[in-house]
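Each of the next two complexes has subunit A plus one other chain: subunit B in the first, subunit C in the second.
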Partner chain A sequence: MWTFALRRLLLLIPTLIGITLVTFAVTRSIPTDPVIATIGEQAAEHPEIVAVYRKTWGLDEPLPIQYLTYVRRLFIGDMGLSIFTHRPVVQDLADYLPATIELATVAILISILFSLPLGIIAARLRGGLLDIAIRAVTTIGVSMPIFWLALAAINVFYFHLRIVPGQGRLDSGLAPPPSVTGLYVIDGLLAGDLTVVANALSHIVLPALVLATWSIGLLTRIMRTSMLAVLHQDFLRTVRSKGGREFYVLTRHALGNAILPVVTVMGLAFGDLLAGSVMTETIFGWPGIGRYAYSAAAHADFPAIMGVTIVVALVYTIVNLAVDLFYAVIDPRIRAAMA
Partner chain B sequence: MSAADMRPVPEPRTALSRRIAGKLAVLREHPAMAASLMIILAWCILIAGAGIFAFADPLRPDIMVRLKPPSLAHPFGTDQLGRDVFTRVLYGGRSTLVGAIAVVSAGAFIGTLLGAVAGFSRRWVDELIMRITDMVLSFPIIILAMAIAAALGASLAHGVIALAAAWWPQYARVTRGLVLELKSLDYVAAAHAAGRHPAGVLLWVILPNALPTLLVMAAVDIGRAILNFAMLSFLGLGARPPAPEWGAMVAEGAQVMDQWWVATCPALSVLTLVMAFNMIGDSIRDRMDPWLRQRR
Partner chain C sequence: MFRNGNKGIIGAEISRRSLLARAVATTVFPALLSMTGRARAQSAPLGGKPLIVVMKTGSLRTLDPNNAYEAEWFIFGKALYSQLVTLRGSTLDQVVGGLASTWDVSSDGLTYVFNLNPNARFSDGAPVTADDLVFSFNRFIRLKGPGSWLLDGVKSVEKSGQNQVKITLSEINVDFLQILTTPSLNIGQAAPIKANGGSDAENASESDTARAWLDDHSVGSGPFILDRWTRGSELVLKRNPNFWGPPAPVDTVICKFVDDPNIQRSMLLAGDAHIAVNLSPDIASDLSGESTVQVHQIPALAPAYFGWSADKNPALRDPKIWDALKYAIDYEGLAQIYLGGGQKTGSIVPPSLAGALPADQAMKENLDRAKAALAAAGHPDGFTMTASYASDGSYTTVPAPIVAQKVAADLSRIGITVNLNPMLFAQMLTDYRGGNQEAIFHWWSSDYVGWTDYLPLFAPGGGVAKKRHQWDVSASPEAQKIADLVGKAKQTLALDAQYALTKEAQSLINQHGPYAFLFETNYQLGVRKDAIKSLELNPVWYFDLGSIEFA
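Up next is the complex of A and B:
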């Protein structure tokens, strides 16, 4: 188990090098002058700023050296200054990332909550009306332009029905809980402040639901397919013939065998949730890196958008690593193969 | 031998009509697939014949009729500048669909080329190409595309380039797999033995046999490309207003959500077209999966 974990962690190194190579390539292959792109046109009018910038980032050196400088600066947490906010990009990201992690985590929890039962029911009642209905709804879910769904949801639930609070992570009268994890719900619980927890939850539920639409659709479909492949197997017949109740058969015996592909896709879906957060956060005014990426794109704030790209790729990689490790936890066969 | 036996057999014709009938029977068995094909066909006709089906000018504002709800004169209503939403949806579909097809074509072309070379070449070339593929795969598509589009500057063409640059890796992987599988087959060995140049073998013997799979993959992929292209435009990184494009139109409609038709009509257009492509993809996957087919 530990050797497997270690080997998997070591594999992270080439991936990280790959991520920096791709982002570096994007930075250097753009047709505009990278100096103007990264410090902005205003600053580029001052030759002394340009000179300092060229020296810091080794822009007069050959490309491989430039790359090494780039990686070294990344390593010490220097992603440059945001052209729009005039703050270090790393600082911006540190401020905004927890909000996105919180939103994406709640969204993935909502997806699991909906998609596992729906997928199991659809598989069990295959071909029935409920199965057809679930399949129709999930097809709509994966085909939905969520930017429109977000707009429609705000319009209906906030402007007309007034049953959800407005923008942001908390009502404006409330102070955020003392920061431990940066996730307001958890920090609120840690501080024992239930008002903040309730308020944070009421703020997060609608954006998380909208964000989860796509992954609910995806995970339900995978769950259904995977369950179908398990349902006709002999060991389930054995359990049934021993008089096992259907609910017990499905949850205790079938689910464990059908869940692996769902877990894989869950990891991949998390990356898509981070990407989808650009839309959701922008529309819901959620102060996360998705909205930050949008405003960066809108203001041609190149360092900021590269920072988001790196961080998202990093989180995506780490989540998929966690999924790989989680396999070993839930599948005794993999554990045995690794021992 | 009787006279009846001497009659020329109209075989090819029967075979052809039987084959067509067979294809249609498949559609009858898969109503979802038939419906999806009809939806796509209908959209293609509407979009291609935008000038015939819609008579308004998609760009000219007419303040006198701004924000009118759907009516006979304006089936999808009018937007805040008084432009006919139906007309703009039809013309906008051109940008969206053509953009999406361009993304998939470019992505599939680059991916197929790289994958084919990887599967056919020496070990280290293969390794190199596949590691690059994995690198690009570790980015969510829309984030990488945003970065590239932001660097290039927002325009329809740049949106296509940005998405295509993030789109190719899956094609590289699939093509490599196919080439590895095909290159061990006898007729490929025969082509080598006949003294054909290796590049010729790859291009004219192996790739044509990989093509059907790749074409199906690309056709089904268009739905996902539409969604991503519309997203990029919604964020202001693809097609730019006032040019109509479905994602950009939803963004314009965002300011007047109480006049629901302005944003909802282009959004529903995206939804129906993407759904149609997704349902075709599902049907094909179901048919290809022997276990599911047998259980149907």
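Up next is the complex of A and C:
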């Protein structure tokens, strides 16, 4: 299994090279000059200012040299300077990515917490009122536009009911904990600052719930379908005939065999969440990678666009690897095949 | 008794007087102290809580006082740093002293001598010196940041005496004092900047490394100091205990970055924000009916316009067509779109600025005249043109797509078909600055508070006129006349004569130029009435954080 994992990690290198090449080619083909678009109207008319900008970002070099310089620096962890923020892209990502990781993790945990039992119940009570209700709710969940849901949620739960706090990751003026992981809940725990932990959790609940609606809907339906395929199999009839209680039958026997497709989709959903949600992050004032990516695209910030693309690709690759390894954990057949 | 820190209760000699003093101290003193404390709490603005301002993240990218140049920076620049001279509220035509208490301008307008206020102090208590000023200005120029062109024409900045600085220009700049009020020309404390990699050397654009440090530390002489900047989240300011002017009215200011105007509205109404800076026209209009909120309008000094090139469409080569375009637009009707987010403008120079053409002399709709011009140009049935606009853009807060659609609809009434071309703002700007647009909806935002930031660029041969609209001085005798008027105004130090020239030039641009100036834009701020009594509004820095009067 570890050989498998190592092989997949090594395959990352040519994958990333390919991604950088495609992203570089696509971003450079956009008819936008990031320097001209970024500096002010009058500054753009001053050749010496434009020249300094171009030199700083290597934009005065031929395109192949720009690409090779970028890749060379990438190998030492340097993703260049953001044209917009003028900071190392790595530093920007270190600021914005943890916020998204934290939000995505809570959202996927909420999704798992709801979707697994709802899917099992819906499958077990197939055709019944509860099954119909679950399917109706989950259909609404996957159909509703996230941005509308976010605005409605803020309006109801923050503005009218006042049961959740407002914007951002913490209350106004509450200083973030000393940064170790960038995840405020974890860093708050490490610092022993329970006020920050509680505050961070209170802020994360609503945006995580909003983000989770889509994945709850999706995962519930996949869980239901997968359980239905397993529930009528002979081995379960054997367990029941041996006197196994229904809860034991569902959770100990059926779930393990039905979970694989759900894990696959869960991985994809988690990856999608980690890539950031621009609308949700904007509406909730969440300083995550979705907003950073949007700003990068809007400003033709090539280094930031490349950085975000690479990070998102890495995220998807690692999540997919984790899913594949998890298969081996839960399914002995796959474990044996990997060995 | 309470302020005299030298005579404490402990250590007093035993005597009748001291026993009495002790009795007073142990009974009356605490009672009085608690009353004073309660009174202090009552008189402390906002009950001692921080002032919360919500604003868009915008383009804020650095807090380096000699490099920051974005619109969102100016409110912080004004709070953290001081400038040589400044403006008082929204009185834009009168420059008042900042760090400079007095100044002299030579009769030829080329030499400025500033006498620094000897009481001015940086936040660590060190005096502001001429050396700091010289360092700051030289660093500003040599970093070649996006605002460094503001000091074009400055030949030298030198210390000319104790607390005195002389700035010599290579050519007259009638708006030089106005430029110096911009909170990009900040005076930072030289020593810590240098200690952290700052440089004012000729190669500062390559050698200076202080920016990252300055993003987390302020070294200014403003009423506030930087506490922290959590990017994308909030920026926290604290009262500067060593401020040399009237103390800041509040201990802590938290600026929360909230990009969605609906959320800004919600926070304001919920009382979780005291000031919301970026209200859209419809939200501001909605809030005007709320009893807890007052909406203020500040001219943004950013006129929106519709402009075209003289060489990309055969029809647009004819100046009669330019007349048709200008007279066909329903300028009054545009008010239904911008609501409080705009106002009429006479021409390119915003009406709030000295030297502007009065708004009542703006272009007016005249459909008959537009049709006649169209017919005289040989297009009685109209023609087709393409005009771009920023699909993701707004003119301050007025959405660009709606303005473009309105004008296109207006022109269609006389048979001109405008094919609207939505583009991403960055892409449109690249195209426009490269002179590749047939026609465009755009706006000109302020760099400083002076007519020279507008008129020379839009006059024939200017940076905008020539490169982007192909309108040069050779286009017509009127174009040459306009250029001459502007050139003369730039050299005229007598204000009345100067403004007479600028007004005449603008009137001629309205008649003969390839632009239709649609409206001047406004910022709209929402303010909690129960928290704030008054604000000193300003079109550059929104409002002065150091001059708020609390309810």
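Note that the second predicted complex is superposed on the first by the 280 of 339 C-alpha atoms of A that agree within 3 Å, B and C clash if a C-alpha of one lies under 4 Å from a C-alpha of the other, contacts with A are read in each partner's own complex, and residues count from 1 in each chain.
Everything below uses one rule, namely that a residue touches a chain if its C-beta (ideal position, glycine included) is under 8 Å from a C-beta of that chain, and two chains touch if they have at least 3 such contacts.
What you see is a predicted model, and the numbers here were worked out from it, not measured in a lab.
Of the two partner chains, subunit B is the only one that A:308 touches; subunit C does not reach it.
In the overlay built on the shared chain, the residue A:298 is in contact with subunit B and with subunit C.
Legend: residue contacts after superposition of the two complexes on their common chain; A:144 is shown touching subunit B, with no touch to subunit C. By the touch criterion defined above, A:235 lies against neither subunit B nor subunit C after alignment on the C-alpha atoms of chain A. Contacts of A:152 after superposition on the shared chain: subunit B is touched, whereas subunit C is not.
After overlaying the two complexes on the shared chain, residue contacts for A:274 are found with subunit B alone; subunit C is out of touch.
In the superposition on chain A, contact of A:248 is made with neither subunit B nor subunit C.
Of the two partner chains, subunit C is the only one touched by A:86; subunit B is not. The intersection of subunit A residues touching subunit B with those touching subunit C, taken from the two complexes, comprises 30-32, 37, 151, 154-155, 159, 282-283, 298, 300. Those residues of subunit B that touch subunit A in the complex are listed here as 131-132, 134-136, 138-144, 146-153, 223, 227, 230-231, 234-237, 247, 250-251, 253-254, 257-258, 260, 263-264, 267, 270-271, 274-275, 278-279, 282, 291-292, 295.
Of all the residues in subunit C, the ones that touch subunit A in their complex are 50, 52, 54, 59, 61-62, 69, 144-149, 152, 205, 211-212, 228, 230-234, 236, 252, 254, 256-260, 262-263, 266-267, 269-270, 272, 392, 424-427, 429-431, 433-434, 444-445, 447, 453, 457, 463-464, 467.
Those residues of subunit A lying in contact with subunit B across their complex are 14-15, 18-19, 21-23, 26-27, 30-32, 37, 139-140, 142-145, 147-148, 151-152, 154-155, 159, 225, 228-229, 232, 271-272, 274-276, 278-279, 282-283, 293-294, 296-298, 300-302, 305-306, 308-309, 312-313, 316-317. Partner subunit C is touched in their complex by these residues of subunit A: 30-34, 36-46, 48-49, 52, 56, 84-87, 95-96, 99, 151, 154-155, 158-159, 162, 166-170, 172-173, 175-176, 282-283, 285, 287, 291-292, 298-300.
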